[in-house]
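Naming follows writing order (A, B, C and D), and every chain is counted from residue 1.
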């Protein structure tokens, strides 16, 4: 298999029109996610990590325009000469761009102009795909990447929208609340079970025929010690016990830089948690909602995840351990919350969930691992702009595994490596304990 | 005359319905200014000085709700309990509020909700005014202040909108460009004339029957030396000569803190000036436009105004000198650009303007004076929240006189004292030389 | 009298050796002030305002070397080619220099090298002065300025040393404590008296034959309203009442930017005040000492002085008012604490001090005025580097009058205009009330 | 063997007086390193990473006082009650302390007071050691740790002194330059050889009888791929080629956060390199010296090391690879520069160095690895204050291996794990390539 250093395409390049249904579905999904928003919601950037939805809509479009239309569509003229400056995210190869911190200062182009941009590029892409030209294998690779890239931004849209709406004291709902009965009544979940795994040499990394990101390769063998992993994620109720035991005020549980952050930011709870006289609430896509004690805790930083594990006398898994377990159990057999469920909140585990199964491996919440996001052995950055896609971020971040309730189910894999800095909390990040 | 320390009301309180026409006109004017905007434009805050138009719309409404409806309308319920937190600008007396720097992070309440807020408060205000209750004199004072306050925010709307649109490389126009012939053809303006004024004791400050702000009082006598003032504002063409003579790279013309700013900010020209191969342009409310050499220079900081004066071997006037001249000549007899002209750009002086008149005293551009914004003798802050209106800002700012092309003509007076920190450039600030 | 724009020299240039006794005395005084210090004390810069004593020793020397020896001593070679970079304070005319904030990062040249520099320059200066060459009038002007300049740095040395020693929890004494009996026993001072002054035209500014700084000129007439000034400075005891009345927690007394500072810096008392179970103490040049309730309060910012005045229903004087009073009374007849007394702490007024006299006008504490440090009418900056001495600072600062316990008595005048930003507290700054 | 989680002591606790010779030698070594300094040099903190030498002298003493004397010497009174606040580095367990960034603002206690502190603690320690009490095993553990800790600070003293002296434009020498002939004449070193290592399971981590830090344990097996390592460090000459090839201006070689740093800090060369008309120089402990092209490059950040490797088509080793090679070759058989050589500059390899040996593994320069500083499997933090020694830093830093020319030879081991953030350059950090 001739492997691109960036991604692994299918063995043979498909006819270009084979991409059409997925192209339409993915592009439509992005717009569907933005439909409940007002134009005002699509402009702001309350913190540097959160990009305006308008920017996501345009940036994903710029990707197809830049890497496909200007390359493969003869005579293609860019929609607007300034858009490359406005909507390039971080590709030095493609010239200067708006400072990331300034994305929220731009009211123009307006939302309707961005939709016009999308429509224009979509039409040109459809034309290109339908033409069924004999395009080089690289076309299929980048086409695939463009779709996966847009799916990644769908997850960011979900989390960025949540953050944007949360800044208002009005606590506006993105979607109307579902009519579920109140959550408080459920009996507590049984304690998590430890699933033991014998040490040994295991194979890690992607090696199938389908798509994967370059950072999932090369597949290789690792030596893993005897260890055990919990069979489900840590719940809100369990995390609340940590808080009530003084977890946020005892430095002994914390890494040094985490403790500094707790004090500087005056963290007292996960992001979005609000204490009221009647109990704990969380801001959700449905507005402010009572805390569901049996649902997985989310919106915790690595530091909080690690401190919680310390308090429990446990630790966080390495990404190798996680993948060994994930390959051993059948995550596809367990229910998980994904983007497609449009609940945007991890669901509690059923009380009678099989205690011998490893639950919530895929979907629900990204699981912090105590593994640095470094290259796998044999990894090499691709040449050109797409070589900037993953490789240049391989430092100072930690690997998260398993996807979340905001991840498209068709996007996630057991070998998928997500990565964030350890202080980030605006993603659906959760905790699974190892020992 | 019993004078409130905050403002000087008319001698007798008018019937409340006498306010109705002005109330309607002022409130309508604010909305008319926002009509050309898209919702997206009303949300952003590209720098801390610039507030989102949505915020201006709501804050001016909050003023009437807080200071009038909740005081004088029996049984009035606030429109929304969180709006006081969201739309209080700086009144410590009225509790905590959104950090000024975070006004641009709030997408909600949405623009249409803010308009609903305006409509609600307008209806209640009309009801109150029409009831023609026997309200205390203080009602009329605060009613008048509410109108003047909203007029001040109209000027800020104009300048904030300009800044907001300027941040996009698309250089969008707020209004379509007028069909005027190109400006470049006009012959240069004759040199400014020096108008000499004999030194002596002059009276300064407001003392009529109408409205004025508390900072224009008490009227008092000042001793002014012999001096001369130029009979018009410095033009773009004259300022360009300063630039071409190396004004921005020679520290000798600059105050120390100004020179540090020039270097730190890499200032090379007034705000909004853009150099292109075909010459100098300025960003305006009509998009990017060629520089009109005969129009008054605007968007300069005090430091630039002072450095220009140094380079010319002149100086900036004191506010006393300015007022002495303004009372001596008849500014109302000269044409000036005001908010009502909706050109939002100071107009050049006619080539044949009377050389013995002092032009552009009112309207066109705020004129930096070398006078600190300090209290006049006998000034006292009013008690209560409205005492925070002006008094607490009387340090570290400089007085500007005469209004600008964004000031309502009915709002400005010869005794009016505006004030900004010396580094500010986003207002229509200009230069008149003294010696 | 032909006046230099920078300073007013004596009518005729004296023989150069006439400067010798003062030159020796001033230079010796500087070193005497540093004698109690350890080398370690001379290096650090705990905040940007405070320069290392080593730097003061060298910078004052650099002044004579740069402005006199290299100009008037034929063939003079600079002591070290890097010293101009190291010891230039702020003269852009004289090239690049160490960032002000980095003065405390430089351990070298060592203290003994700086003393060697002083000895070298002193010897060359003595040689030049003794030669009694026919030097131009400019020489005498700059010579005088060099001496006055070094006296200014003597005051800064006193205050910077205090700050430096205060940062250590050891509270080390600069000088051994005097053997005075404990201060607490003294009976409270009688209330301050208000001295009324009739309004009218008064003359302000320096116009004698002796030396003055350029900022004290041109002398001119001002119109002053009826006002009254207190006949002594506000005491520690009176200021303590303000604190106990909640002065630091009530925004109504404060200017807006002052209130922000109070909160950001968590100010609760003047600089150097320390509360202990047994009462209030201050850090002094003699270590930690109980608060003397009858001594003038010092180390307050303009904001604190202004808030105190508000609380008292009074205000701060303008510099014109201050000078009118100072010319009317005979400050030289009252005792004041000056540098020469080497107590470095303002002394309390005797309980039987003449109630009709205006006390503590000179010495003891710099008195904040509510006057911006702006140029007097007719002021012009001198050409060349010395034109940077005063003129470029004439914005954003406030005038202080009267000198302090750290000012050389031979350096101060009734017309002397000192200036600091309103947030500064490390100088001996105090309060006198006006109304 | 009962293993402390913090460190591995010798199997049986020795008689306490057995520590005496080493205690004396280590304590003496620290003072010997400070002997060439002036008091001024011992106070300053030019950047936050660099602590004042005075602080190092006191902090290492505080360690013995706090962890041994107050625990094991009955009736011991601390030397000064404020010293715990002043000289605690980062132990939250032991209470509040001076902000790290403020260490350089404290001129007191003076250097001679710190030496008095050392003498006092040394005398008490000698008394305790000579008493040969039956102390618990924990005493020997902490005693050993105190000595190792002081050796770590010896290295920091060497690098901090270098930084401190480098800030002065005078480029003062810490020690007189040696009399070596000029370096430029040496012929270029032969190209480095690649030493291939077969992949497989290798044992990593400390497991002997002697001392090691807790972070070197537990020893465990790792699976390492086939790889090759260069047999010597990258030289100044080789790094200069990277610079001359535009290495600092081509983003493609850099990690994203590294490239941002290059631009923000305007890095053009390793720290301490200075370009002069006659060529490249480096600031050294002997002042400014011409660049020795054959000596190992030092004072590079991880980002620079990684970019250099990219440019070479190679990569940095993992710490596992490094240790496998280090155990395979006999580093003790090769010459390395250590603290004891007092040259404080890595020496060039002899031109005829054995090409089959792996040179410069120990001493000379710390070698950046592409391994995050994370806990080894089974690692647990010790309870109490000493648990803060290493464990809480195990995030966001990278492992460096092999010691440097500033490391005591008796302090370094093949399993030793040093760690720094990737932007740090003030240590003797160098590069060895892998592939």
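In this text, a contact is a pair of C-beta atoms (placed from the backbone, for glycine too) under 8 Å apart; a residue touches a chain by one contact, two chains touch by 3 or more.
Every value quoted in this text rests on a predicted model; they were computed, and no experiment measured them.
Participant: Treat each pair of touching chains as one step and give the shortest count from chain A to chain C.
Facilitator: The least step count works out to 2.
Participant: Any chance you could name the chains that touch chain B and chain C both?
Facilitator: Expected: no chain.
Participant: Approximately how many whole Å separate the CA-defined centres of chain A and chain B?
Facilitator: Roughly 47 Å separates the two chain centres.
Participant: Suppose each chain is reduced to the average of its Cα coordinates; what separation in Å results between chain A and chain D?
Facilitator: 38
Participant: Taking each chain's centre as the mean position of its Cα atoms, how many Å separate chain B from chain D?
Facilitator: Between these chains, centre-to-centre, one finds 60 Å.
Participant: Using the touch definition from the top, which residues of chain D touch two or more other chains?
Facilitator: As it turns out, chain D has no residue touching two or more other chains.
Participant: Could you run through all the chain pairs that touch each other?
Facilitator: A-B, A-D, B-C, C-D
Participant: Under the definition above, what is the set of chain D residues touching chain C in their complex?
Facilitator: On the chain D side, the touching residues are 38-46, 54, 80, 82, 85-86, 102, 104-111, 164-165, 167-170, 172.
Participant: Please give the residue numbers of chain D that touch chain A in the complex, ascending.
Facilitator: Its residues touching chain A are 90, 92-93, 201, 220-223, 225, 251-252, 254-259, 302, 370-372, 374-375, 377-378, 387-388, 392-396, 422.
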